[in-house]
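Chain nomenclature is as follows: A, B, C, D, E, F and G, assigned in order of appearance, with residue numbering initiated at 1 for each chain independently.
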Amino acid sequence: MKIEPLGDKIVVKRLEQNERTSGGIYLPDTAREKPQQGRVLAVGPGKMLADGSRAKPQVNEGDRIIFSKYSGTEIEINQAEVLIISEADVLAISN
Amino acid sequence: MKIEPLGDKIVVKRLEQNERTSGGIYLPDTAREKPQQGRVLAVGPGKMLADGSRAKPQVNEGDRIIFSKYSGTEIEINQAEVLIISEADVLAISN
Amino acid sequence: MKIEPLGDKIVVKRLEQNERTSGGIYLPDTAREKPQQGRVLAVGPGKMLADGSRAKPQVNEGDRIIFSKYSGTEIEINQAEVLIISEADVLAISN
Amino acid sequence: MKIEPLGDKIVVKRLEQNERTSGGIYLPDTAREKPQQGRVLAVGPGKMLADGSRAKPQVNEGDRIIFSKYSGTEIEINQAEVLIISEADVLAISN
Amino acid sequence: MKIEPLGDKIVVKRLEQNERTSGGIYLPDTAREKPQQGRVLAVGPGKMLADGSRAKPQVNEGDRIIFSKYSGTEIEINQAEVLIISEADVLAISN
Amino acid sequence: MKIEPLGDKIVVKRLEQNERTSGGIYLPDTAREKPQQGRVLAVGPGKMLADGSRAKPQVNEGDRIIFSKYSGTEIEINQAEVLIISEADVLAISN
Amino acid sequence: MKIEPLGDKIVVKRLEQNERTSGGIYLPDTAREKPQQGRVLAVGPGKMLADGSRAKPQVNEGDRIIFSKYSGTEIEINQAEVLIISEADVLAISN
């Protein structure tokens, strides 16, 4: 299966919220804006700029990211649930 | 029949939602933002940029795409129901 | 009579909705966003760009178009009712 | 009296709505967006562009125009009631 | 006293509404958008453009102007009440 | 203590409202948009422009300014209450 | 642990609100817009500009900053609670 996100879209696999990661990051469930950890599976060509060229995305395939919990659209690929979100919904890369 | 979408518009034929595609993508009916699969029938010249030139569309005629379910306008061409949507409503190409 | 639309405005004569056109396009009355077919009678010089030049319109005089039903302003020219709409309300050219 | 409209503003004298003009244009009172005919009395230097220069207005002094009925500000010049509107409220020139 | 308006701001002294000016302009109290006449006392350096330079204001110190009645902020200078408004609230110069 | 405002922010010390200043400016308490006088204590590097450079601020450290009363954030520096506001909230310099 | 904020995002550790800092800054709890002091732990590459390049952030790692209290997203890194905020939520650097 090949999936190519449009523009600044990325495909993300959710990571378990309740594991305290080796990287030491923990995302409390009670946070005001609930953040979510995930693994980037695919990255679009980047947001279109005013001159028609593409902005190079900051995230790369394989990155572990923190993103806004309520963003994106759920789809299922090969029986695994993934999300399509915009790079603008990503807060940080936490490799 | 010839149909030429304006700007960043594209003409899409909806694909059945409940078939698990060979590509392994399944779009659950219970998803928060309901996505939809389709086949691109026609592509406009692209969104007009600030200098009057056109942005090259990322989707091409024949592409299988995932797009937001509630976007676009329904019309009927040769007794087949199709949709005119904006490329901005496309989430990913899933060829 | 000479009518010159401003900027990206165009003058359109509505075509009958209930005829299945030779081009095979049919616009169902029950569509969520009601589309409308029309014939372009006059085209403005195009939308002004950021540098003051004009964007070349994609539609041309004589084109058969599909546009959003509830857009534009009705006026009467030589006892025929026509509409002034923006090119941005045009979905596709269906010659 | 000299009146110089700012930027993209123009000064317009309303024309009678109920006369079927020689140009054959009639503006029905029942139209969804009520249009209005007028004669352009004065034209500003044009809308300021991003680089500080001025966009050349499409309308000229003396033009007969169709514009949105509910736009603009009424003032009285030499006992005649006129309107100051933006060129963006003009739909078409109907000389 | 020296007052230097910021950016596109100007300082205006209101003129009596009910005098029919020598210029022949009269601003009816019943107008939908109530206009107001005034005299320009001070002009800012102009609106900042995208490149950081300033747009040359169209109004000059001493100009008699027509502006939107409900715009601006009232202050008192040397016991005289004046207004600070944006040049964008000026409709026309009526010298 | 060193405080460096971000971008177009400035630090302002409020001046007494009820003193009729030597400059002759008086800000009535009943004004529709309540203005406020202040002294500029610190100026940021200026608003970021589209190309990443900074717009030179019009206000300078030490300027007496008139600004919108309800703008900004109160903080206390060396037991004195000051405000952090945007330069866009400044109406005029009244030195 | 390595955390790389996206774009104009920064990671901030909150500082105690009730200590009157050596820098002499005190942030009253009763302020209309509650400000907050913090220490910058990580800075993103900067906001993307229109041409796809990055704006150099004004804040640097290690800076003591004043920012809007209710901005950002809480996460926990190595058992310490931190915030991810946008540089646009920073009011001043108070080193």
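Note that a residue touches a chain if its C-beta (ideal position, glycine included) is under 8 Å from a C-beta of that chain, and two chains touch if they have at least 3 such contacts.
All values derive from a computational prediction rather than experimental measurement.
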Contacts shared by chain B with chain D include exactly C
How big is the gap, in whole Å, between where the Cα atoms of chain D centre and where those of chain F centre?
-> 41
Could you state the distance in Å from the CA-based centre of chain D to that of chain E?
-> 23
What whole-number Å value describes the gap between the mean CA coordinates of chain A and chain D?
-> 51
Residue numbers of chain B (touch at least two other chains) | 50-51
Starting at chain F, then chain G, how do the chains run round the ring?
-> F, G, A, B, C, D, E
Chain A - residues contacting chain B, complex | 1-7, 9, 11, 42, 44-45, 48, 50-52, 72-79, 81, 84
Provide the residue numbers of chain C that touch chain B in the complex, in ascending order.
-> 23-28, 31-33, 35, 47, 49-51, 53-56, 58-59, 66, 68, 87, 90-95
